[in-house]
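In the two complexes that follow, subunit A is the common piece, with subunit B as its partner first and subunit C second.
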Partner chain A sequence: MNLAVNTPLALAGLLLALLPLFNNGIRTSPAPWTALIPADTLSVVIVGCLRLCAVAAIAGLVLGIAGLHRTEQSRERIGHGAHIVLLLDRSSSMDNTFAGRTANGSDESKATAARRLLTDFVKQRQTDLIGVAEYSTSPLFVMPLTENKNAVQAAIAATATPALGFTHVSKGLGMAISFFEQQPVTGSRIVLLVSDGAAAIDHDSEQKLRLWFKQQQVRLYWIFLRTANSPGIFDQPEDSRDDNAGAMPERYLHKFFLGLGSPYQAYEAESPDALQQAIADINQLENLPMHYVERVPKQDLSAVCYSVAAFLLLVLLGAKFCEVKR
Partner chain B sequence: MTETLFYRLPWQSSSVYPGAHPGQMIGAGQLFKRHEPLIASPDPRRIDLRASVLDPFSGYRVRVYQQQSSVNVYLLADMSASMGYADKQQTLIRFLLTAANSAFGYGDKFGFIGCTDRIEHRWLLPAGQHLGRVSALAKQLEHLSFTGNANGLQNAAAFLPAERSLVFLLSDCHFPLPQLRAILGSLQGHDVIPLVLWNQYEYAALPNWGLISFQDMENNATRTLFMRPALRQKIMTAYRQRQHDLKNTFRAFGSEPLFITEGYSTQTINRHLQQRAA
Partner chain C sequence: MEPLKDYRTLCLLSALIAMMVLFLYPSKQQKTPTYNYTFIVDITRSMNATDYQQDNQAVSRLNFVKQTLRELLQKLPCESKVGLGLFTERRSTLLFEPLEVCSAYTEINIAISKIDWRMAWAADSNIAKGLLSTLEMLQKSDSTVIFITDGQEAPPVNPNYQTDFSVLTAPAKGMIIGVGGLQAVPIPKFDSQGQQTGFYSHDDVPHRSSFGQSNLDPSQVKGYNARNAPFGSEAATGNEHLTALHETYLEKLGAESGLSYARLTDLKNLSQALQNPKLATEKVVQTDIRWQPALLALLLLSLVYLPRPYKSRRFFWK
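So, the complex of A and B:
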């Protein structure tokens, strides 16, 4: 309970709350000798309560004016889950269907399917910290690791905008891994790469990625949305002349990931159902206990103050109507 | 103001002046008192031959008669703030005029002692027979708003004459009983007729339900009450108990109080005075 106010100067008005202690606000009738009136405990209690009501009502109004609020707080929690960075491919081919055509009413595009299934995925993973990064020509920073699921949903929904040109996977991975910097190592750390294609990674980037994957202890899941009749991850080249990174980037990227030394799992999804299966697998696998800090945002309490004061004022108004004047 | 208080004395006035009440003086009267030697009472018209013949010393015996004497009537009034409640002030003024009229009608002298927290000279009227001064005082009282307490009553005896007088004590007795005992103790030498002025409105006409805040007229302390039938009953019981205590206290000092609660009427006071003389 860390309470704070917006305008501390207004708290000077709390002095006014002492007024009811000096004057109970009830019109007095003259009496010749009050000592003759027998002591009455109930009256004393009721008058005391009314005084307290008045004090509290004034205090409530003043606190409301001062803008009482509870400051942002963090709460330590232990749950099952993971730190997940969704790394989404934003290349223009994602806007095509799994059949390789432009999306129309009957077939949804790969991006739409991914969006829909990832949204469900996020919904199921309530205790995870999830971040979102995208890449196409260059990496796009979308949403840092957060427990705010609404923000993540919104970030995923934002991929509905038309996609960009190329596929620059190494920079995207670099950015995804950078999300884990300055995060405590609890639970598992996952980069969920959703893409429909791959690109060759140059030597320098390879070195860096190897290092980073080791440093940050990141597990990698690659969901490859394979378009019909395009080369897959696990395809062997028919001609040995095609066996190079330029001709079969998917195969070579897969090889590179296998050689990273960190846990890696690849899924090849050729339809929305297969994609769903892949996501369900990940959902089952990654449920390690983790320790994380939940942040509770600042809470404005002035409305509560005003409503309490209004209620007390109603009580006092009722008492005023009960008043007898002689 | 034609009403008259018919007060009679159950004791003999020591006043020298002739008046309307039984006195200790002998003189022109109707009631035979005793025989005296002619030398002590040289009035040959009153020689009692039978008594003179029977006198072993052969002296002349003269019949002497009790003289009707006057008496000093005082109104000792409580002028504390509580006496300003409701119609108590009007009652005080009305009683002042009635008592003065009656006293003058009997040929007695009438004096007034008004007491607040002390005794002020402007509220003192020495015993006399001037109706004008009484009316002037009543007029002054009409425009006065009473303040303070009734502590002055304890010193009132100092302003009363040494001989026994008839003292009307007009007060609401809203002060502690020890104070009342002190007052009555200091007035032992006089014939005190206590008139306790209460107003039904202050205790019987309370509402059954509601919040009511009373402010004491004398010390300004406030008491807020949550009225309900049980509390109303309690207050009325407290007033009845108070009345009982006051009666006991007054009786301990040999005077029967008259509680005036349902409006002032001279008839009520007259009835009380007649019961007293009987």
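So, the complex of A and C:
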């Protein structure tokens, strides 16, 4: 019960609640000598009660005016879910279709398909904390880990704007992992990488990423949106001379991820349907028990204050009509 | 009726009537201005120039913009919306679409604080083209574009290739906010680790555009050759390695694109500029007016229990 008021200054009005202690508010009748009237416990009790009613009524009105409310509460609960960072590729090729052509009316672009399916995915993950990072030539911090699904949807919707530059995946991964710093380790921590291409990662970055993945206990899902006739992540080189990160960055990025030592799963999606399948899989897999914080919104109590005050006013008014004039 | 002759009864009765009014008409409809802004923040290198002062410390233009926007966020009325985008090269990108400020305050606040010049995906700073592409990109959105920049074009624009804002079909709604001081200051230079390694020097930057057709008068250019050296043989000199707020240029861009212009000096002047009624939409919101009848009831009730003058008390009580 954390109570608070909107306008603390109005609480000064509580001083008015002391008034009934000095004046019982009952009409007086002249009597020759009050000492003649015998002491009556019942009268004392009734007068005391009426005073109390008046004090409470005044206090109720003042608290109502001050805007008494219960502050937003957070309750810790245990549910199923995950902390997910969506790492989205904003490189220019994402604006092409799965067939590698410019998107037209009949075929949607890879970015559009990803946006549509991610929107659905976020809708289904009610208890998760979700953050959004993007990368092209450089990483973009978009939305911190949050339970506010509207914010996540707004960030996903904003990827409808034209894509940017090249694919610099290592910096993007670094930024995605940084989301988990200063976050409690509970449930699973996931980086969901959605990209349509890969890039060679330099040795320094490889070392750092290995360390960070281990430190932050992050699981990685890579949804690779494969364009027709482009190399895939599971392709074997036909010529051993092509077996290097420069010629086959997808294969080598996959190899690097496999060697991370943390749980990793790759999906190669060649169509929107395959992408949907991949997302459905993740939706099912990532439901470890997790502590999460449920927000109980601010609760206005001034209505209660006013109702109590009104009821007490009615009682006081009723008492008035019981007074007898002699 | 006997009790009605007592002023206290009348007071209590009126107070009760006031309470009935309170429950019957708890709120009234009121028009309040709300805003829908999409802030597009310039993150090019010149925004790292430190020509703002905060707590007696020099801060960079970008940091000052971030700080001011975060403070502005607290001032915006609920139901207002804020979106965020970044500008570099010759276009901008949208990080998120406008979000309601009260419910998503933390998220917007963190996102603004995380803006970094290193998010730039390319290094040019072609503001006129960036502004045009931003306006085209957000043409369908009902959000007001607030383009925050220092007006430093890098490389400088060739006057033969000026951006034509007439392609905009609908009149743009928004504002250009000029950032920076009017005195030219050096632009900090950083290494790949993000450490400052000094400032950009005269030789680090192009001082004129050498793209396309020359805008120079051939007879005045030394070493002019129409095919091989249309800009002459002499190295261009200039002060492009220093940066100052190009106010006249931004005002010109504003006039061409239909946006108004204001300069950022502090939070007060920014919020004043942004609270332009032209940018606001009147929204009908329910305002709580229960305090009015409640206050009346409170006064009436207090009247009942007001201490009696001493004289009458002595007469009746003792």
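What we mean here is this: the second predicted complex is superposed on the first by the 228 of 326 C-alpha atoms of A that agree within 3 Å, B and C clash if a C-alpha of one lies under 4 Å from a C-alpha of the other, contacts with A are read in each partner's own complex, and residues count from 1 in each chain.
Simple rule for what comes next: contacts are C-beta pairs under 8 Å (C-beta built on N, C-alpha and C of every residue); 3 or more make two chains touch, one makes a residue touch a chain.
These numbers come from a predicted model, not from an experiment.
Participant: In the overlaid three-chain picture, which partner chain does A:216 touch, first (subunit B) or second (subunit C), both, or neither?
Facilitator: Touch partners of A:216: none, neither subunit B nor subunit C.
Participant: Quick check on the superposed pair: does A:195 touch subunit B, subunit C, both, or neither? Answer first, second, both or neither.
Facilitator: Once the two structures are laid over each other on A, A:195 reaches no partner at all.
Participant: If you stack the two complexes on chain A, which partner ends up touching A:47: first (subunit B), second (subunit C), both, or neither?
Facilitator: Touch status of A:47: first partner only.
Participant: Quick check on the superposed pair: does A:22 touch subunit B, subunit C, both, or neither? Answer first, second, both or neither.
Facilitator: In the superposition, A:22 contacts subunit C only.
Participant: Between subunit B and subunit C, which one contacts more residues of subunit A in the superposed model?
Facilitator: More residues of subunit A are touched by C.
Participant: By the touch definition at the top of the document, which applies to A:97: first (subunit B), second (subunit C), both, or neither?
Facilitator: In the superposed model, A:97 contacts neither subunit B nor subunit C.
Participant: Could you tell me if A:61 is touching subunit B, subunit C, both of them or neither one (first, second, both, neither)?
Facilitator: second
Participant: Classify the contacts of A:323 with the two partner chains as first (subunit B alone), second (subunit C alone), both, or neither.
Facilitator: both
Participant: A:34 contacts which: subunit B (first), subunit C (second), both, neither?
Facilitator: In the superposed model, A:34 contacts both subunit B and subunit C.
Participant: Let me check the overlay on chain A: which residues of subunit A are in contact with subunit B and also with subunit C?
Facilitator: Dual-contact residues (subunit A): 24, 27-28, 30-31, 34, 323.
Participant: Of all residues in subunit C, which touch subunit A in the complex?
Facilitator: Those in contact with subunit A are residues 2-3, 6, 8-9, 12-13, 15-16, 19-20, 22-23, 83, 85-86, 91, 93-100, 103-104, 106-108, 110-111, 114-116, 118-122, 137, 290-291, 294-295, 297-298, 301-302, 304-308, 316-318.
Participant: In the complex, go through subunit A and note every residue touching subunit B.
Facilitator: 24, 26-38, 40, 42-43, 46-47, 319, 322-324, 326
Participant: If you look only at subunit A, which of its residues touch subunit C in the complex?
Facilitator: So the residues of subunit A in touch with subunit C come to 13, 16, 19-20, 22-25, 27-28, 30-31, 34, 54, 57-58, 61-62, 64-65, 67, 90, 132, 134, 136-144, 146, 148, 150-151, 154-155, 157-158, 161-162, 164-166, 302, 306, 309-310, 313-314, 316-317, 320-321, 323, 325.
Participant: Contact residues on subunit B for subunit A in the complex?
Facilitator: Result: residues 82, 85, 172, 174-175, 199, 201-203, 207, 209-218, 221-228, 231, 234-235, 237-239, 242 of subunit B touch subunit A.
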